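Quick one: structure below, then a few questions.
Going in written order, the chains are labelled A, B, C and D, and every chain counts its residues from 1.
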Amino acid sequence: MKVVTGVVGNDVHVVANRLIDISLRERGFEVFNLGVNTYLEEFLDAVVETDADVLLISSLNGEAEGWCRDLAILKSRYDFGDVVFAIGGNLGVGEMNPETLVPKYRGYGFDLVFHQIDLNVGLDRLEEHLKERGK
Amino acid sequence: MSLLQREREIIVHNEFTDRFDFDEVREFVAGASKNLFISHRFKTTDKMQVQPRGGFPTYDKVFKLYEEFKSAGVDILPLTIDSNTRLNDYATAKKMLALSEENDVDMLNGYPLINHGYRTTRKMITHFDTPVSLRHGTPDARLLVEIALASGIFEIEGGPITYLLPYSKNFPLDKAFLYWKYVERVCALYSELNEPINRESFGPLSATMQPPVIVLVIQLIEMLLSLEEGVKSFSVSFSQTGSMLQDIVSANVLKRLARKYADRFGHKDADIHLVYHQWMGAFPYDKSFSDALITTSTVIAAMVGADKIITKTRNEAFGIPTKEANALAVASVQYTLGMLQGLPDVGDEAEEENLANMVDEIMEAVFNDPADTLWRKVYNAIKKGHIEIPFSPHIINANEVITVRDPDGNIRLYDRGKLPISDRSFAFEKSKIRLREGERVVDKIIRDIGIML
Amino acid sequence: MSLLQREREIIVHNEFTDRFDFDEVREFVAGASKNLFISHRFKTTDKMQVQPRGGFPTYDKVFKLYEEFKSAGVDILPLTIDSNTRLNDYATAKKMLALSEENDVDMLNGYPLINHGYRTTRKMITHFDTPVSLRHGTPDARLLVEIALASGIFEIEGGPITYLLPYSKNFPLDKAFLYWKYVERVCALYSELNEPINRESFGPLSATMQPPVIVLVIQLIEMLLSLEEGVKSFSVSFSQTGSMLQDIVSANVLKRLARKYADRFGHKDADIHLVYHQWMGAFPYDKSFSDALITTSTVIAAMVGADKIITKTRNEAFGIPTKEANALAVASVQYTLGMLQGLPDVGDEAEEENLANMVDEIMEAVFNDPADTLWRKVYNAIKKGHIEIPFSPHIINANEVITVRDPDGNIRLYDRGKLPISDRSFAFEKSKIRLREGERVVDKIIRDIGIML
Amino acid sequence: MKVVTGVVGNDVHVVANRLIDISLRERGFEVFNLGVNTYLEEFLDAVVETDADVLLISSLNGEAEGWCRDLAILKSRYDFGDVVFAIGGNLGVGEMNPETLVPKYRGYGFDLVFHQIDLNVGLDRLEEHLKERGK
């Protein structure tokens, strides 16, 4: 299964990104890691180019909202079929209530939203989700 | 008109800056209150200076933040810049600032100084009449620093390496050196008018498993690059490693070598200060554990004899702290410093010797590069992997050095990559490492990153 | 029947105790879980043991307190006894316990163990299967200790000096020695059945400006008095002085001299442990400052290498802490101990030498008293003022020694009173003291008491 | 002016008591310090014996209530004229709300109640009170 991953926007927090890369590979995924400082369009292009099954975006520095609110519009331009859109990390500025954050990001077009959730917990849930979808 | 002045005029002339009045700014700096200069503060007190981090998108929120800090007993105020501004993306910063002002939600993780401008910002700085330190992480900080100095911010953090390798993915390295040369020279110019402008390097780097040898080398290099341009007051820094002894060893060696190299290059008149950053890596989600971590950092800062401490907050793991959480940390750190007494003088000869040797070895390799100027030698050193930063997002970073913790928590070189350190020094490092039977190095590293969780 | 056994039968036979079944208790101790013995814990782990203080009037509240402690990761549970019981006023304790149970308000500042009895209490202790430490402050603890041991409490704090001079106004000193002799012998007897019962001395004394020399002398004497009766596991202790270095010096000297004196008196087989009390003096009213103080104490405890730490809470200045506040401190101390790494080995030769000399000088003076037994020599020493405790409420205490802090926070002898220390040792102490121009000693003392406020 | 002072009940906290002794003397009072571990009856006897103007009780260990609730009854047995009854220190077990504590102790017969109030602040208020009473 192919995963495109990276850190969105003007965000340089690379540590989790390195660990995600390693963990995805260990779980048997084929990984295309765009690294930090990646814009939404670049992610979507990469999904198309690599014919990926999953787009897994990280955001740590609190800017995700500004960068991701346009996802729905961008998604409507291409046909992504059943690509799974996931986002995780630190998804707000300041201390946020996950109960309002999660629905917001779902509204933007993400299937899975992991606010301040451990990497491995998140990846376990991703794998379950893929199984449920019959992938 | 000097070349520098011509460049300055170009820099400050842009669509985001109101007319920049050089004469007025010169006059302002020349007549500015001594209380705005941290360099002056360092001369007049022995007390460790307490400085939080912090910045909000709007003027009002920063003003309130400063009020909160002042009543918590802050020594030095911070001005943290948002990350769009850091990447010179003033247009996005402007958009997000407008959204923040309209909707009363913070859409930026710091203060977009360019968009606010120096006339507005200076009002705030002079109102509080307290030194302010500019925290950014910008490779091209020319405009930012012009606006900051014009605002009355007389301490500028960063440097061509420390604000590039940890903070950028592909910003060209040589440009960064040249842009920072500009910054140093502007700081040096203003330093002649009143008390010196203080420059501070950013020792935490990527805040993740940074071996002291690399931190120290980069601190010394940025210090030399700055002094070379005429800066007279400079702070070297590093952040809590996770081992008390390694912090003490780092501080002892850094203090000694900073003086040694400054003197060797003819900067006997430069004042050099030591700054300690509380734990910069991943924080626990339990806020009372964060409090404990913050106090522990404070105790260590006192033991290493730092001139300034930069504080974290109990909200670190969650996001940008509220002003209340931030001020709470300041008050608590001041309390701890006030009551801590009878600190022993500690050191470790063997550790200090080995660290100093490694630093000297790399420094000599840098100096021996055939390039004509120091910055070019350093540039080559980074390209050759003679200097690199673990967990840097930058594409030019060698990414070959691997570090792990020894059983006492000291960060050790497991793989020295291309660092030009001797077999003997490296053997000392290696001899301290113990891996568990069958443990993979990557699992060890993940554990070692998360020691404070 | 031995004389001791006859005395024991008289002691346990009273209107507040249900029939005391010696045989059943012997059997219980012999077969008790090793997990109840702190002496066993000390043998099997190197981790510093974390123990809070705490006790409530009712069984249910103590049970809930223990649950809270367990989920916070406690190592050793406390059972703090109320102050009526401490003064053997079981009738008042009974009345207040009844009021507490009826009205659901705490009318006692601890657990009235005699009134609850051992049958009930043992249920709780064995349920938690964790070592419990008895904290009281009772000069005549004969009945209390019988009930405690029968309940499964296998660490007994206190001693004839440390639980008398700071805790009583006029309880006769010779009686205290004899009553504690009883306690030691009972502990020694039970120690033969299973793992040893641990005895612990109370080093904080009156927790106010206590000079280490006095603390150490009293620790050593209580240790010797206990080992003399056959106790095999003993903890010496002291509390944070306010100077990190003085704590380290105290610990280094105490560890060394405890072993030296134990061996000298033929107790080579006795295990000796070091306990560190977090700051025992007046706490700040700001709870986040108290948190900082608690973490600082923890760091120091780790630096001195204590085997056990006794924790305070953020509520200390306000009153008996809630179970939540108490558990919070335990969790936070465990966190701090878990993340602290790379502790340096510190000492100070000159300080350690002078402290050890002063202790030896007083010890020799005690041993040279012509009385026939050690306890009588000690008794005479106290009467002569060769041993005294600043800020003791006891009428027999000499009240001549005056202590002040030196500029590093170390507690120094300003007036040695009748302490038999040499001029040379005293000169060393005096040489460290600096008084402000014209400052009255009493004002200095008030400031020195309040250093943590 | 004469003051009887001490620490009530089974309470051995002597530090504040020593400081109160010194401070009262400095303020010119004639002090009869009964020390720690003093019972209510002993205090009242001392007031009568010394013909004191002020009775100033400390309590730190949280037991004051148990010991002082009988003050009103005891007071009614003697004629204390205008003796000022003051109590201070730590007047409850656990963390207490001064707004419920103070009226309670006033009800027991104390004119001045200082719960967790600094010694010197308390003594200043005592002196004011004496002045107001025209003493």
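One rule holds in what follows: a residue touches a chain if its C-beta (ideal position, glycine included) is under 8 Å from a C-beta of that chain, and two chains touch if they have at least 3 such contacts.
All values derive from a computational prediction rather than experimental measurement.
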* Distance from the CA centroid of chain B to that of chain D, rounded to the nearest Å? -> 57
* Intercentroid distance (Cα basis), chain D paired with chain A, Å -> 68
* Asked: Once you find the CA centre of chain B and the CA centre of chain C, what distance in Å lies between them?
  -> 46
* Hunt down the residues of chain D that sit against at least two other chains at once, touch-wise. => none
* Structure fact -> Where chain C touches two or more other chains simultaneously, the residues are none
* Line, ring, star, complete or other: which one describes how these chains touch? -> line
* Among all the chains shown, which pairs meet the touch rule set out at the top? -> A-B, B-C, C-D
* Asked: Mind pulling up the chain C residues that touch chain B in the complex?
  -> 241-248, 284, 286, 288-289, 291-293, 295-296, 298-299, 328, 331-333, 335-336, 339-344, 346, 348, 405, 408-410, 451-452
* Asked: So in the complex, which bits of chain D are touching chain C?
  -> 10-12, 14-15, 17-19, 22, 35-37, 61-63, 65-66, 90, 92-96, 116
* Using the touch rule from the top, collect the residues of chain B that touch chain A in their complex. => 83-84, 86-87, 89, 92, 96, 105-109, 166-170, 206, 208, 282, 285, 315, 317-322, 391-393, 442, 446, 449
